[in-house]
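Before I ask anything, here is the structure I am working with.
The letters A, B, C and D name the chains in turn, as written, and every chain counts its residues from 1.
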Amino acid sequence: MGNSLGKRFTITSFGESHGRCVGVIIDGCPAGLAISEQEIQKEVDRRRPGDGPASTSRAEADRVEVLSGIYEGRTTGAPIGLLIWNQDVDSSQYLKERYLPRPGHADFTAYTKYGGFNDFRGGGRFSGRITATFVMAGAVARKLLGTIGVEIVAHTVAIGGIKARAKQVEEVKANAGSNTLRCADPEAAEEMLRAIEKARTEGDSLGGVIECIALNVPAGLGEPVFDTLEGDLSRAMFAIPAVKGVEFGSGFSAAEKRGSESNDPFTIRDGSIVTLTNNAGGILGGISNGMPIIVRVAVKPTPSIAREQETVDMEKMVPATLATRGRHDACIVPRAVPVVEAIMAVTLCDFAIRAGLVPEVII
Amino acid sequence: MGNSLGKRFTITSFGESHGRCVGVIIDGCPAGLAISEQEIQKEVDRRRPGDGPASTSRAEADRVEVLSGIYEGRTTGAPIGLLIWNQDVDSSQYLKERYLPRPGHADFTAYTKYGGFNDFRGGGRFSGRITATFVMAGAVARKLLGTIGVEIVAHTVAIGGIKARAKQVEEVKANAGSNTLRCADPEAAEEMLRAIEKARTEGDSLGGVIECIALNVPAGLGEPVFDTLEGDLSRAMFAIPAVKGVEFGSGFSAAEKRGSESNDPFTIRDGSIVTLTNNAGGILGGISNGMPIIVRVAVKPTPSIAREQETVDMEKMVPATLATRGRHDACIVPRAVPVVEAIMAVTLCDFAIRAGLVPEVII
Amino acid sequence: MGNSLGKRFTITSFGESHGRCVGVIIDGCPAGLAISEQEIQKEVDRRRPGDGPASTSRAEADRVEVLSGIYEGRTTGAPIGLLIWNQDVDSSQYLKERYLPRPGHADFTAYTKYGGFNDFRGGGRFSGRITATFVMAGAVARKLLGTIGVEIVAHTVAIGGIKARAKQVEEVKANAGSNTLRCADPEAAEEMLRAIEKARTEGDSLGGVIECIALNVPAGLGEPVFDTLEGDLSRAMFAIPAVKGVEFGSGFSAAEKRGSESNDPFTIRDGSIVTLTNNAGGILGGISNGMPIIVRVAVKPTPSIAREQETVDMEKMVPATLATRGRHDACIVPRAVPVVEAIMAVTLCDFAIRAGLVPEVII
Amino acid sequence: MGNSLGKRFTITSFGESHGRCVGVIIDGCPAGLAISEQEIQKEVDRRRPGDGPASTSRAEADRVEVLSGIYEGRTTGAPIGLLIWNQDVDSSQYLKERYLPRPGHADFTAYTKYGGFNDFRGGGRFSGRITATFVMAGAVARKLLGTIGVEIVAHTVAIGGIKARAKQVEEVKANAGSNTLRCADPEAAEEMLRAIEKARTEGDSLGGVIECIALNVPAGLGEPVFDTLEGDLSRAMFAIPAVKGVEFGSGFSAAEKRGSESNDPFTIRDGSIVTLTNNAGGILGGISNGMPIIVRVAVKPTPSIAREQETVDMEKMVPATLATRGRHDACIVPRAVPVVEAIMAVTLCDFAIRAGLVPEVII
């Protein structure tokens, strides 16, 4: 259960890391949206491992196939099926260590919840590979949001404690794609790269923080008190493996401020009500206020590390040790950047449709 | 829209700050649960303003009335209706400032979304008062969780940048109720109190951080990939006004750790698999692992402050200034502690029922 | 569970027949809709027992109270709480016969499902009285549908096997309110009345068939393949106690026709595509086609009869007999007519909002 | 929107008649259920056109492929993806008649709702072919229901006004598969066959009625007042193209009975409470009572007929005529029988899981 997201733009994810495929069904996409396999492919390619030190060596073609819902280059109003066949899969290591849960991974909880029947190979449903299904759906959502002018950009703001300096949105948009870490601060990126390389050499891994900004989001999105913009966005972000914290605007640092510092004063600009600052991250009372939506997610270091770790043999119920020998990223943060964008896109799409901002037919 | 929470234990909140009442309907509570009006009242009383410097002077009796769903002292399986009539309401100030949105509040977004038809008095649906409906539902959820041994305790861990020292769970349980700030570190509490008093004197307000711990939660709760325990808990926490960040276990600090530090090694204790540390906050892959669930929420300083602030007149579309003169807390963090517990209880209840851990009839 | 209906216009029903009250929360009603307590009251009054032979002698004031969601005469966008306090309740008979399930009633299934903890007095949640909550919600839905021109009328088309002659819609609208049976064929109504009187005298009861017509429903409502207009309407109709069948357009008689008779030919009228006949009942492929929506529901005879019936004592597990002595209608069909209208209104409202036909703010 | 069914056992259907494939994702199936591709294939084969006069000449292999969610012969708890690639597709006729809606079909409403962007070829999402996705899901549901002893059988009870004589359940189980019409009354089946042959010869089509019986359904399934067993079953049945009516137990004929005839008296048999008759169709107050669940659905004659029919050209907005020349069944009723069973299985599965009758892991 729990593999669908969204109320009016609903995505259903399926597939496993080492199974036949990973895929997603999108239900609720308006008809008439022009979108090509290539556009979706392009987003998926952004999630692929790069050449840098941060990356895994698994070389996947990850070719997107459209199964349904698109005809003559446009969405039909029917469910859109998107699929990637798995390739280059080596499950031998997983078969050997089936009963040795990797610390920090879902191996133990999946085993417990599904009585050992879960497809554990490569982490199964809990693999980072599943986020490719989010990215496919995100590509469609993004195209749809484009029809109402919404833009989304995410970037790496910290890795292993090294923080990027704050940048203006325009700079973020211009620079985030300029390096393999997707960090808008090139100097910090250099330092982060060195830290990742060091961690990798030591058989270890690093986490980080990703910030995502959505621009031109109309005021009025969000459905308090429970279906708030913050609530639904955070819930969706936690679907990304390794995310352990989500904050909006000033977030946790707001807790250290005074009201007079934290409140964003209102003013009028070009005939519209705007705020002078954006500590709220574009959301007041769970509803968008027209300012940029700003969310940050904390990504824990990838739990798969080469160092030996203590675990237990779940079958024999005895202590054991484990050293992950599979192919793994020393830092998954850069690869998670397009995933965070995808989750933002899917969630905003859903809210925009709920609010009646996107018609049933796009012309 | 958006006033219901939960899939199998569903609460629907209604009512406004200065309307006739606030109330909640609970659907999905198993039949046979023994619960009295007094038990629910007791939880609601914990949310009331105290005598300390942190509190508003609005004196509400807040008497809980059971409308339906309980017969002969036990739940019947039918929807449980719970209601508090509003009293002691003075809306004059709000009527005067109807078109002057308070910075940091939902006044502007509510006005925009609902076309000015929203009941703005006292913040209407966006008032902290609405959390009384969460607490009523939480009291029932808590009682139900008690039947499977789950315990929940929350406490203030920071106010205005002053941090409580880390305490063992037992100490938290023992001390959290010992002071008006619900802080398990009495020395920090003293300091926090002084900071609040200072802020109040200066017409300002303070935020803080609340930690909530759930004990004895069975392994296996959570429904990845989207209905994760973290995701649903965070979504629900953002229903609490002023919450701007949510993290689990090490949370944002995990982003600064290495995998070897962050991973919780497994071991066997009393025949069960446990982890030696709990950086995961009791959740791996979105599923509970049997360790204590640990969540922290960042509460921004209450936006209602006595200081003059810049705003706009939404009707005349001209700049304006505003100084909140209503009765307000200089720091709402302590009053939010039982609300955080209630949200935790409602969410865990829902997951426990989904997982089949709670039967349709309690005997 | 199961006490909410609708995805974007959601009603949550609560309360019991002999408890404190019955009520409903409406979530998702757009802001700005002008509606008064009196308008809701008027619909509720239509459901009240009349003076005719068909009716119960329970004399309830059934005064509607607005708890929330309406301010200055207009909906605010917040949940609308509506409540009727119960009065004139005599539960003594029910207390005596607590363990004797009435044949044809929900007493046995409720006892089984809720382990005997259900509030059985007067049928509790399973009483026809609960439909007053549907009618309150229906009054709001109807007002909202009025803003897009949709009209709804239901009428009795059969009672105890006596069938009303088919009438044109205009005649139905004109005549359905002219007699206590809400039958548009006055002659059939006379005959029905005699049949009801006869059944009552013999300690028995009669069922019947209600037809409901919705006019001016725009083409395009319905969300195949599962959330069809027929599917969602029928599901909602089965919430009315005693309904055992639902059909659209030609319904069951379509099964006896040939395709050439059953298909409705298309033609152009006033620049729009219409059908020459309406065997489809206004729905093709689960989507409205712009013709009148026509649904008929089969209402079984009210199970509460004065005649002695065989049952069992659920506590002692021995055979028993039972003769209902409470106040009961010999035929509930006429009182169910406004309930069917309410269910139609609520369901169409939900679809209209889903399709973006009703804005978030009514001006 | 609307392509998912079920709350805890959720199926999401996708694909089009003349697109690449039809498929279904099942979310919420417990882990550990042993099921093979062959078992699913077997159910799908039952839906295929037979050799009789009732059938289309489209010869599809319809080979089921498992995409995900099954590992080592057992369900894993992850979403189960099932797919059939389309073959033998000739869309030329549809391309020619793109703007000529077939009377009785969804062509017009789909065109209207989706602005002409819908994949109209072969009816697209509105084709009977989509029911293959229900049957795949039904095969899994059925296997799961088998673990708690529930059995399901459907049969043709009427075609073109020719009614099968009532049969005992055991006879239905024994005979329903003995002829191509899936009719338990062989004599009536003969007559039906002749009627179908006659209709086909005359370029026409016939409808009919299917009855479905579920045995050994435990008492207590159903969630009143809105999520009743009748309501959810009927809603799901209307997803089958051409269904225009649904009734339970005595159904519409109950409306002609008296309470004393319609009520099912309770008695005790083998220590359990049962009813002497089953006019209720196994459902009281929306909850199963332990007796067989009995539902009947009215299937209108297939709208695709060879006879010339009046329609309009939607592009040119002028009258037109149309004679369906594609391959079509003269009577789809027999092929719909396994589809009705599948819908029953999926719905009961969902209720059984909601009620906690099926554990998260099957051992």
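Some notes on this structure:
In this section, a contact is a pair of C-beta atoms (placed from the backbone, for glycine too) under 8 Å apart; a residue touches a chain by one contact, two chains touch by 3 or more.
Because the structure is a prediction, the values reported are computed rather than measured.
Shared contact partners of chain A and chain B, listed by label: C, D. If you compare A-C with A-D, the chain pair joined by more contacting C-beta pairs is A-D.
Averaging C-alpha coordinates per chain places the centre of chain A 39 Å away from that of chain D. Taking each chain's centre as the average of its CA atoms, chain C and chain D sit 27 Å apart. Centroids of chain A and chain C (each the mean of its C-alpha atoms) stand 46 Å apart.
Under the contact definition stated at the top, the residues of chain D that touch 2 or more other chains are 1-4, 8, 13, 110, 113, 125, 220, 354, 360. Against chain D, in their complex, chain C makes its touches with residues 1-5, 13, 101-106, 108-110, 112-113, 125-126, 130, 158, 160-161, 199, 203-209, 219-220, 222-228, 230-232, 234-239, 241, 243-252, 254-268, 271, 273, 275-276, 279-281, 284-290, 298-305, 307, 309-312, 314, 317-319, 354. Across the interface of their complex, chain C is touched by residues 1-4, 8, 10, 12-16, 19-23, 25, 27-28, 31-32, 66-69, 71, 74-81, 83, 110, 113-115, 117-119, 124-125, 360-361, 363 of chain B.
Those residues of chain C that touch chain A in the shared complex are 7-8, 220, 354-356, 359-360.
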